[in-house]
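For reference, chains read A, B and C in written order, and residue numbers begin at 1 within each chain.
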């Protein structure tokens, strides 16, 4: 089986400061990988580097493209990379307003990716948008409302619909449940899990919330100071952490 | 189906002066198809540890743990995930689910994960929930709000939804009343009859005697506790 | 208003205090280079070093600089504002060039070699020996949805124009039809999406013409262009095709049925008069004997 994403020795520096370094892993179709670590550990830098938002100083990020199999997205041309990022890739931001157009209706937000890949039939675009609002549990009569009038959880679900409408194969998520109420988080987690399974999505989720990765991620990487200090099966890393930092992280979580 | 050979395990507590706590050495176990083996030994002897090592939940420091053709002690996460999805089931004492998911879907999930249709998976889930006397009015609710005993039964239903060839059972009959206990034991017998290899921890001695073919006392693998 | 009123103070020769057409020669050369580049890449916005002009931004500083750069002493200039030759903006720009360049001016579209316009394309068909100069307030068609200039440039570079259709989608979602009535976005030669300046979408089909079209945005410091006979397609949806709409009336003054109309409220009872926005076109038709059916008496009644 070909990995969907093959990350090899990725390094990103900010001047002399390490953003992240020496990161390698394979992600297979349908797999969900969690990346945990505290603020400044390099997990967001890594995610943005993998997603093509930052250019790594070293290493390769190979993606199994539909046309040509594994291609290094770091060295591919920018138009190709941007095309990937609005077709086969998706990026869910922590703050929905970074991932949504706040002055465009919900339907327009969902439809944008369709129009970006050439959809030119208003009726069909609207029907697809309406279907997706339903799938992320937003009432279809909100289709012409702007996201500014939505609650935080709704905005986040709208962002997810906007990202998944083109049927991507890989989703990058940066703290997707951050800043949401616990009950809203649960709903979102449930939604994400179902979508991941129904669509056979692979996902890379950055979070500092260990409960989130336990429920969503098959595998886990723990980052500290730009390095991956431990990785493995999610429940194994959480229940039998080997590295001192991971042990500290796990033991620091308040049990409810 | 399960062959554990000379395994050892220790915990290193990096944040408490890097204390190394050896918890197992020379662990041996073998379970054939259709066989049920009980792990025994005092509390803290390492019954759960061994079971978690077989499941891949704990890392194994040395030795081999063959489940079918896969050495869990050396397998990649992806291989273990595939093994857990298709071959290796685990009924733990605790139910860990996404808070909002309906009980019916929690139980149906293992079948969905191996590609069964939603209808088929839910039918099987209904059958098991009914068998385990979970009132139908609770099926659409999340089990997170259930009593301990109800959660335990949901967990069992989930563990038996897919006919795993290998099953790990951690106290499956604890906190069950007589009727439900009998149902669980019947489920275990059924699984044995279709060739499932089972490793279990049973504090319930009568249950143990009724369904287990052998007992393995893990105390002899416990460093400093050898009987 | 059949003839341009001559400025009583206008001298017979060019005022020697100003360089020809106000701008210095270096600046005009710089602007001409930008114009040549813009003609070479139809629809692409070429940055240029816009100068301070003796008029406020929003009064056509971009168009004036482009006109100044292409004017020669032999040219005949026409200036219109929303089709009219006699509005303050048109009159002041016309006087500006009379004063600083001493060029001939006209109100007749056919007689002009350079026409500077704000918000309209003349009704009369333009020829290959004419240049139409547009005043542009916001040259970037993607601006209202994407505030970042870096990002919009990238979108042009990579032809990522999905966002443009988002705007049209929003129109239909809110109004049941594409409600954008002016500055209606177009795609040029299948490549660049361009804002045709705030002309009514009625004028969009006329963008494919024989004359050279130059667009100048002074505040935003951009020049772009359409060479003669450039393909210009108005964006739309398959099920909501582009329509070059106008008020469904005849001109009340000249009876024209094919020209873009302004609507005038003429009394306190809500009486309305529709009249050609292109004053030269309307006056020429009236001179040729065409009469609007009902509006003229109304006008006189009010006066």
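Criterion: a contact is a pair of C-beta atoms (placed from the backbone, for glycine too) under 8 Å apart; a residue touches a chain by one contact, two chains touch by 3 or more.
Since we're looking at a predicted model, the values are computed, not measured.
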{"item": "Graph class of chain-chain contacts, one of line, ring, star, complete, other", "value": "line"}
{"item": "Chain nearest the overall C-alpha centroid of the shown protein atoms", "value": "A"}
{"item": "Whole-Å gap separating chain A and chain C, where each centre is the average of the chain's CA atoms", "value": "47"}
{"item": "Averaged-CA centre spacing for the pair chain B and chain A, given as whole angstrom", "value": "32"}
{"item": "Euclidean distance of C-alpha centroids - chain B vs chain C, Å", "value": "77"}
{"item": "Chain A: positions in contact with at least two other chains", "value": "none"}
{"item": "Complex contact set, residues of chain A against chain B", "value": "28, 31, 183, 186-187, 189-190, 193, 197, 214-215, 218-219, 232-233, 235-236, 239-240, 242-244, 247-248, 251"}
{"item": "Touching residues on chain C, where the partner in the complex is chain A", "value": "145, 158, 160, 162-163, 165-166, 169-170, 172-174, 237-240"}
{"item": "Complex contacts: residues of chain B adjacent to chain A", "value": "11-15, 18, 52, 56-59, 77-78, 80-81, 96-101, 112-113"}
{"item": "Complex interface listing, chain A residues touching chain C", "value": "78-79, 82, 86, 101, 103-105, 107-108, 111-117, 120-123, 125-126, 143-144"}
